[in-house]
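Each remark here refers to the structure printed beneath this line.
As written, the chains take the letters A, B, C and D, and residue 1 is the first residue of each chain.
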Amino acid sequence: MEKKWRTAITQHVGHETYIRGYRLLDLVGNLSFAQAIYLILKGELPTEKESKMMEAMLVSVIDHGIAPPSAIAARAVASGGNSLNVGVAAGVLAFGSAHGGALEDAMKFIQEGVKSGRSVEEIVKEYLENKKPIPGYGHRYYKDFDPRTKRLMDIAKELGFYGPHCKFAEDVEEEISRQKGKRLVLNVDGAIAAIASEMGFDWRLGKGFFIIGRVPGLVAHVYEELTTEKPFSKRLDEETEVEYTGLPPRELPAEFKRV
Amino acid sequence: MEKKWRTAITQHVGHETYIRGYRLLDLVGNLSFAQAIYLILKGELPTEKESKMMEAMLVSVIDHGIAPPSAIAARAVASGGNSLNVGVAAGVLAFGSAHGGALEDAMKFIQEGVKSGRSVEEIVKEYLENKKPIPGYGHRYYKDFDPRTKRLMDIAKELGFYGPHCKFAEDVEEEISRQKGKRLVLNVDGAIAAIASEMGFDWRLGKGFFIIGRVPGLVAHVYEELTTEKPFSKRLDEETEVEYTGLPPRELPAEFKRV
Amino acid sequence: MEKKWRTAITQHVGHETYIRGYRLLDLVGNLSFAQAIYLILKGELPTEKESKMMEAMLVSVIDHGIAPPSAIAARAVASGGNSLNVGVAAGVLAFGSAHGGALEDAMKFIQEGVKSGRSVEEIVKEYLENKKPIPGYGHRYYKDFDPRTKRLMDIAKELGFYGPHCKFAEDVEEEISRQKGKRLVLNVDGAIAAIASEMGFDWRLGKGFFIIGRVPGLVAHVYEELTTEKPFSKRLDEETEVEYTGLPPRELPAEFKRV
Amino acid sequence: MEKKWRTAITQHVGHETYIRGYRLLDLVGNLSFAQAIYLILKGELPTEKESKMMEAMLVSVIDHGIAPPSAIAARAVASGGNSLNVGVAAGVLAFGSAHGGALEDAMKFIQEGVKSGRSVEEIVKEYLENKKPIPGYGHRYYKDFDPRTKRLMDIAKELGFYGPHCKFAEDVEEEISRQKGKRLVLNVDGAIAAIASEMGFDWRLGKGFFIIGRVPGLVAHVYEELTTEKPFSKRLDEETEVEYTGLPPRELPAEFKRV
């Protein structure tokens, strides 16, 4: 009978652990953490250039402060009196379609765009005409260019990862400008998406880079909450922070009154 | 060989589901939801009085507004672009030792106190001398009595659930006043704890009442967030809401600069 | 400035809690738990018939044994050494599109179908021709009729909730038979979906009924795991339960060997 | 008024992000991922030796196969039809006191042991006499020595991290042998705990190393589940995998029968 639990990731032979075929103990001390991450996700060891690119991409999302929904959720859950893993998990839960999801969507857009062989002009036109947002473009503050994108793209060029996916991503940025008469910058999600696509990663793994890169930030936040803040401190002040938009007090109808 | 997955809760016989031995289809239409909850937790059907008591206890915790950490976490996670179940789960995660945990602790305190046969005077003395907080006592606003406690205790008396555990809980409230010269009211966690103990529930299930009773409130909050608020709206404004307590900007040492 | 945290569910006036405008303390002892659930989800008090229908729907999903992914996840997480709320939350997380999601999809299908005014014949034809599964229909074991559906529909008829949505749902069942020459039964998800639609609930709340109804079952499972099973007992036996589908052991290339 | 949301981790100045005072864009391309993790957790940049030690420790826990509760929970939740982040979060939830918690407990034990100045003989005696398990010692298979411990300790020695905490940890291993007449090996949790203590990390962060190190493994597992397995495939077969330990079918008493 076929087994329900199947995996190609890790195997035990005797008491030894093998990750993608390599003995775990051989990886310890020989691989950097980012190299081991590349191996476990991709199934093969990275080249030196791929290793450097991975390090840069993961570092670029390590934290974005206490403001995003993930940090709020992580710290609120910790504040309820839970241990480190529970707070971190709550933060990871927040990484939905509106929070890290753009990376996945942008990878899909870029990979399908390059594969389709269609012209950038035609693709952008279709999105703009249907008023569909193009994932990976636009930023609240950056109107000219996103400095994080520039940084990552510079590194990608230096390491030889500026291929068709990166070019496609930048061409789309220019084409949006041309057709729309207004610049929507290729943002950091779009940049990571282009480079990860260049490296051959499946778009379904897109959010994985974000999760792996940001978890250390969440660990730092939950640890900070647990060690420096009082339990239950993350509650709102109803007077000043909450707007009640519902019905005013009303009387329970007589037919419901039993006691 | 002994099986790894064992349960005494639910069984399938043919295509029929049996809950604690009763055919599920017989329960549908015949039991109230609270009666079915009693059955699945306790293993036996409730009497009419136990049913009424369960209804009252569960209703008493159904929601406490948007302010607590659980509602914050649930709505922040929903705001990240996740579906209903994910937001609700984040809210349930927040129910740690500082948020609903008092119910469990108070049940343990009351059950061990009654079982020990020790005098209330002695028990309270021990806690006060060691400056240990007594779980289930004290409230930020209510200094004289907690109206929710009064309501539940009135119902418990009417239904015949005012036995040794409830008496112990109220005696402790009086004894604290006497020894401390200051009233710490038996709060609603303490009241539910006393009554649930009276009904024979194990203290390890204490948080279960809170979880079951509050989940409908969390569903309402996450549904409201998903249908009336914009995605990613639950982020902090760093200028006005966040205090940065760390180091000022500093230069990366030269030996780290590779690019 | 508009506030970020807004809610129409619950308000505090002084130290009193009001749920949808009603004083919480008035609800305690007067409303059944299912009635309070109806109130918090719908915003208004239920009639007696709506109350009975709610009780039946919630009881019908209270547990389905230890086999589904939600029970596996809940008990595995508890087995890792976590408290009650954490295990229950893991179970709620499992309620994705393939686990409870059918209820939501079926509500959407039924509500849009009724609202469209299109003929059942046309709607079914479109699905079958496009080989799209119709949510709420079909069952692994029940080929003639689903006894849970019959039970709920009988109660719905008795209580006066057999209106256009229930009729539409049953007509679709017949029409599938006619066009396909094979019966796909209206399953229990479909039945609850039809009745909840009849009661005026938004399909976006569909999974909420499932979550609220099933959480007591999850509490029972996690409590059972924590009190009767050993920590870490929920691990697989790699010899007998796991199939490794990956690469065989291989040597780490020399250029990676630093230590 | 004091602000509720405070952090020393990350700050925005204009549109620039600063991590522990360093401009994020300066870290990208210059720091390895493990170096950035060290920085965000510790507040300061690592030396080259600390960097290498971090890489080794994180790689050593990257995955342990599909068997542990965390992989089961992650894959069961994914199997319910959820996205990548939700499955990964369920896996992180499983990291409770029995799953990764040993690392935290062992760090506490070692740090308090070293700080106390008490003799190893006395400390071990106290634990053995009170039959308290010593966290970080003992292994199901390894009876002589744990090869992962040896590997990490060899690297620690090479890099100069074999100080009082590592010595204490190994002395305890010997002393247990002496007093108990039976060897309990210093396991991999104990080894990481000793080295992390040597590097000056607080024991409350212990589980953080495990979480950060293992999340890539969880991402790989959830991705594999979502892309190679059918939805809802992670359910138990009640006939062969489940033992029902509850009551046999029984009749619902007549007084409950309303319909």
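What we mean here is this: contacts are C-beta pairs under 8 Å (C-beta built on N, C-alpha and C of every residue); 3 or more make two chains touch, one makes a residue touch a chain.
Computed from a predicted model, the values in this text were never measured in an experiment.
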Common touching chains of chain B and chain A: C, D
From the options A-D, A-B or A-C, the pair that copies B-C, where over half of the contact pairs coincide: A-D
C-D compared against A-D, more contacting pairs: A-D
Chain separated most widely from chain D, comparing mean CA positions: C
Chain centre separation (chain B, chain D; CA means) in Å: 28
Averaged-CA centre spacing for the pair chain D and chain C, given as whole angstrom: 33
Whole-Å gap between the CA centroids of chain A and chain D: 23
Junction residues of chain B - those touching two or more other chains: 4-12, 27, 29, 31, 65-66, 82, 86, 89-90, 93-96, 100, 155, 234, 236, 238, 242, 259
Residue ranges of chain A touching chain D (in the complex, touch as defined): 4-12, 15-17, 19, 24-25, 27-29, 31-34, 36-37, 40-41, 52, 54-56, 58-60, 62-66, 75, 83-86, 88-90, 92-96, 100, 104, 141-142, 147-148, 151-152, 155, 202, 204-205, 207-208, 211-213, 215-217, 219-221, 223-224, 226-229, 233-234
Contacting residues of chain D [partner chain B, same complex]: 2-13, 18, 20-23, 26-27, 29-31, 43, 45, 82, 85-86, 93, 236, 238, 241-250, 252-253, 256-259
Residues of chain A that touch chain B when the two form their complex: 65-70, 72-73, 76-77, 79-82, 86, 89-90, 93-101, 154-155, 158, 231-232, 234-238, 242, 259
